[in-house]
Amino acid sequence: MQVTIQDLANALNARAWGDVSMQIDGAAEPGQAGPGQIALAMSPKYAEALKPGACAILAEGMDPKDYGLSAAIFAPRPRLVMAALTRSFDAGPDIAEGIHPSAVIDPSAEIGDGAAIAPFVQIGAGVRIGARARIASHVSIASGTVIGDDALILNGVRVLHRVRIGDRVVIQPGAIIGSDGFSFVTPEESGVEEIRRTLGKRETIRRQSWERIHSLGMVEIGDNVEIGANATIDRGTIRATRIGSGTKLDNLVHIGHNVVVGDDCLICGQVGIAGSSVIGDRVVLAGQCGVSDNITIGDDVIAGGAAKIFSRVAAGKVVLGNPAVDMPTRMEMDRATRRLPRLAATVAKLQKAVTEFVEKP
Amino acid sequence: MQVTIQDLANALNARAWGDVSMQIDGAAEPGQAGPGQIALAMSPKYAEALKPGACAILAEGMDPKDYGLSAAIFAPRPRLVMAALTRSFDAGPDIAEGIHPSAVIDPSAEIGDGAAIAPFVQIGAGVRIGARARIASHVSIASGTVIGDDALILNGVRVLHRVRIGDRVVIQPGAIIGSDGFSFVTPEESGVEEIRRTLGKRETIRRQSWERIHSLGMVEIGDNVEIGANATIDRGTIRATRIGSGTKLDNLVHIGHNVVVGDDCLICGQVGIAGSSVIGDRVVLAGQCGVSDNITIGDDVIAGGAAKIFSRVAAGKVVLGNPAVDMPTRMEMDRATRRLPRLAATVAKLQKAVTEFVEKP
Amino acid sequence: MQVTIQDLANALNARAWGDVSMQIDGAAEPGQAGPGQIALAMSPKYAEALKPGACAILAEGMDPKDYGLSAAIFAPRPRLVMAALTRSFDAGPDIAEGIHPSAVIDPSAEIGDGAAIAPFVQIGAGVRIGARARIASHVSIASGTVIGDDALILNGVRVLHRVRIGDRVVIQPGAIIGSDGFSFVTPEESGVEEIRRTLGKRETIRRQSWERIHSLGMVEIGDNVEIGANATIDRGTIRATRIGSGTKLDNLVHIGHNVVVGDDCLICGQVGIAGSSVIGDRVVLAGQCGVSDNITIGDDVIAGGAAKIFSRVAAGKVVLGNPAVDMPTRMEMDRATRRLPRLAATVAKLQKAVTEFVEKP
């Protein structure tokens, strides 16, 4: 897509400078930008590689003349500009319009107007897919599932039966929505139940095996949700597993059965949330976090990378570490632990001094 | 499926009360249960939402008259009742009987009686699949693999060549059985070998690259095993990677090459077990646990969430934390670490007091 | 493949002994080796199970007569011998030569000489695939992607658009190359930006939602790379995500957008590397390691199992733990933490002694 600098500035809600009629059709880093590409130089550090005559996006306060630019756009909030800019230049995946003849679609399925369905897609009985949905190759959508308008479902995604998905959802390749929950029970009290009761003591170790609790519940996903590559979301046992509108899940995230995730959350790569836990709105879980089963994380909680959350977290808290505790507490604990070998040496010396002093004749 | 309260109670091996001829065809939470649905209210907390005239499953000791129920079933062990109940009402995935014409099946493959094979399935040479197996869309099963009776293999599962799988196995979507092991060697001693020998000292840093050790072994999976969505099980190098009967693996679990997992284990979401480790029977590894390579975990071990196990664990132990240690030890360590900043302050004050006292004229 | 002991010794660059004309066609563990199979007994511990008359690979210094062998090969570096040996006996996956009629290949795609393409493969417009590539069933390769010679791409792999992959690459089943980066921005400062600025203090909690930053960059993968089952590699935002030649990625590894991984690295199972981080050459990250976003790991760094790396690591360092620190420091910290409850008791006693002594009349 080709646009002028002025058009792009308008789209970005930003100020343009210089030869604003210049045509561009892409963006690149300052060192790589060729003809027709706008350079992204939103800090002086990156701007050093700009070539004279280039056009660039700068941060407010930078001077295009310092770099010999021919045109510039000033970004008030650089990453926000990136959102608008990359949206402008994203051609999207190349899924041909219409339905590929190799697709196997149940006659009772309803496919919305303008939907594109790629090769080797299977769509089950009673499925409803919204308008302008794009379904890439090798996707399967099982019976009774409903998907909203403008969905982008990438290659090899599995949406199982009776899942409900809102509008404008993006599902990256290989994600699984609606697998069975991991829920098993032993005929008598299991070892896990015993140690939860005794806080770690095993009195009776029995030879017993697991009975499966089947997953009759569904998965409900709101609008504007994104689900990462090879992520997995299990269906609920009786009620639904739920992902709120505006929430984004990264690659390889695992959402257990019955979990409820609120709106506008950011669940980063390889996070796992165990069964029946409830996550509030606008929660951010950084990469590799873990959340135990049956606990509640309040609204606006932020958990740092690899935080392991074993108990309730109140709204608005920032937690770090394993086990996860308040950020300032964790930072103090980590600092103290690093000094612990020295502390132990100090105590040993003190003990010697005190003993000698006390025993002094 | 429609059953009477009395029939359901019989199936659950439980006691019925009230209008036991009432017909039901599903289960729901107390607040959601509609006509024909039995409410699951197995603790007084959940029972508050029960509607008068409803039928419900209650825990022993609860009184159906307190909630104005018309019928009830008493669950001696609620989760066990859930197993039987959900099994009764699970319609299962909708894989049409017979073999879909789009499936590509090698003429030398043997498909058991009553098997259902969905669209876009590929089955290789010499494969044998048991009776009543249900194979969902997009599954591939490579040459020489044998799968038992009553298997349920969900969408997009990859079973590679020469894998042996028992009866009544459930494999969730996207799981990979029989990928190559991650096994590489450098021409001379590698950095990892050096630091294992020197406990962390690098004397020689060489520029060298990795030679691949190919995986000639197979994967053997027992009966009644369940494997989670997008889980991966690597094949052995020379011998087989093995998963014992009755063991359940959750989503995104990683089982390295040559690993042996015993019977009736529960391996929860995102657990990783590195190459050649041996896990006993009835072991429970909670979510995000890690097990180092070449170690042994005894029978009946339970590891808490995100425990990282770097060395042998004796049978029957309960371990927590990173590095994983005995549960009471870890709880004491965590408590002490939380108090560590205060301890450090105490020691500083003590040191000052002692110095002053000792130096007092 | 059948070879003589002498031929095999030559291929392994090793010394043969005894009946070197003996024909073999496979390898096995000492207890399992049958006729025609060479036993792998490269330490006296394994050699005990050898049967008289067998042939075996031994370590230098072991005596074949001690075990009554009829032939032997002496391995100077056992695991290196395993590489050559397993390569000799690996028949490879059974992908029939030529292009299966069910494959959907865009007419503009170029397929190299001798390539094998299995059922249900989709190949997009402008794709170029090198000579002798083997593409297993259900793989999709999107438009504009280039893959080198001798690639082995296993079942259900997704290579998205405009990815560049070198020669002799192995991609295990279910891996995703070129999914969109996980990159979102809020209109005003987000909670995460706020706590990075304030080190954990939340002053303003706003209700706001995430704007998507689209991924216009590509993925570039060098020669001789291996990518594990169900691993995911996101494309860059503007520049490319890069994996250097000779690097090996294990199962369920997550590589974020813009990440650069150097040559000859070993990235083990379930490791996650967050966006824009840079990993040097010959880095080893053991299983379940995590690397924060926007940091640099120098050449030849080794990180132990489940190490969580939050800040820059200098070249050649060995790091362990969460947070990751130098190996000797971490070992000392862990030892001291284990003794911490005892230390606290000592301090309490000391405090009592000092108080009593000071207050003594």
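Read from first to last, the chains carry the letters A, B and C; within each, the first residue is number 1.
What we mean here is this: contacts are C-beta pairs under 8 Å (C-beta built on N, C-alpha and C of every residue); 3 or more make two chains touch, one makes a residue touch a chain.
The chain list, named the UniProt way, goes like this: A, B, C = UDP-3-O-acylglucosamine N-acyltransferase.
All values derive from a computational prediction rather than experimental measurement.
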Under the touch criterion given at the top, what is the topological distance in steps from subunit A to subunit C? 1
More than half overlap in residue numbers between the two sides of the subunit A-subunit B interface, or less? Answer same or different. different
Roughly how far is subunit A from subunit B, centre to centre by C-alpha average, rounded to an integer in Å? 23
Junction residues of subunit C - those touching two or more other chains: 102, 120, 138, 156, 174, 230, 252, 270, 288, 322, 337, 340, 343, 347, 350, 354, 357
Taking the complex as given, what residues does subunit B use to touch subunit C? 102, 104, 120, 122, 124-125, 138, 140, 142-143, 156, 158, 160-161, 174, 176, 179-180, 182-185, 187-188, 190-192, 195, 199-200, 202, 205, 207-216, 230, 232, 234, 237-239, 252, 254, 256, 270, 272, 274, 288, 290, 292, 308, 310, 322-323, 325, 329, 332-333, 335-337, 339-340, 343, 346-347, 350, 353-354, 357
For the complex, which residues does subunit B have touching subunit A? 26-29, 32, 40, 77, 79-80, 82-84, 86-87, 89-90, 93-94, 100, 102, 118-120, 136-138, 154-156, 170, 172-174, 224, 226, 228-230, 246, 248, 250-252, 263-264, 266, 268-270, 282, 284, 287-288, 300, 302, 305-306, 316, 318, 321-322, 326-328, 331, 334, 337-338, 340-341, 343-344, 347, 350-351, 354, 357-358
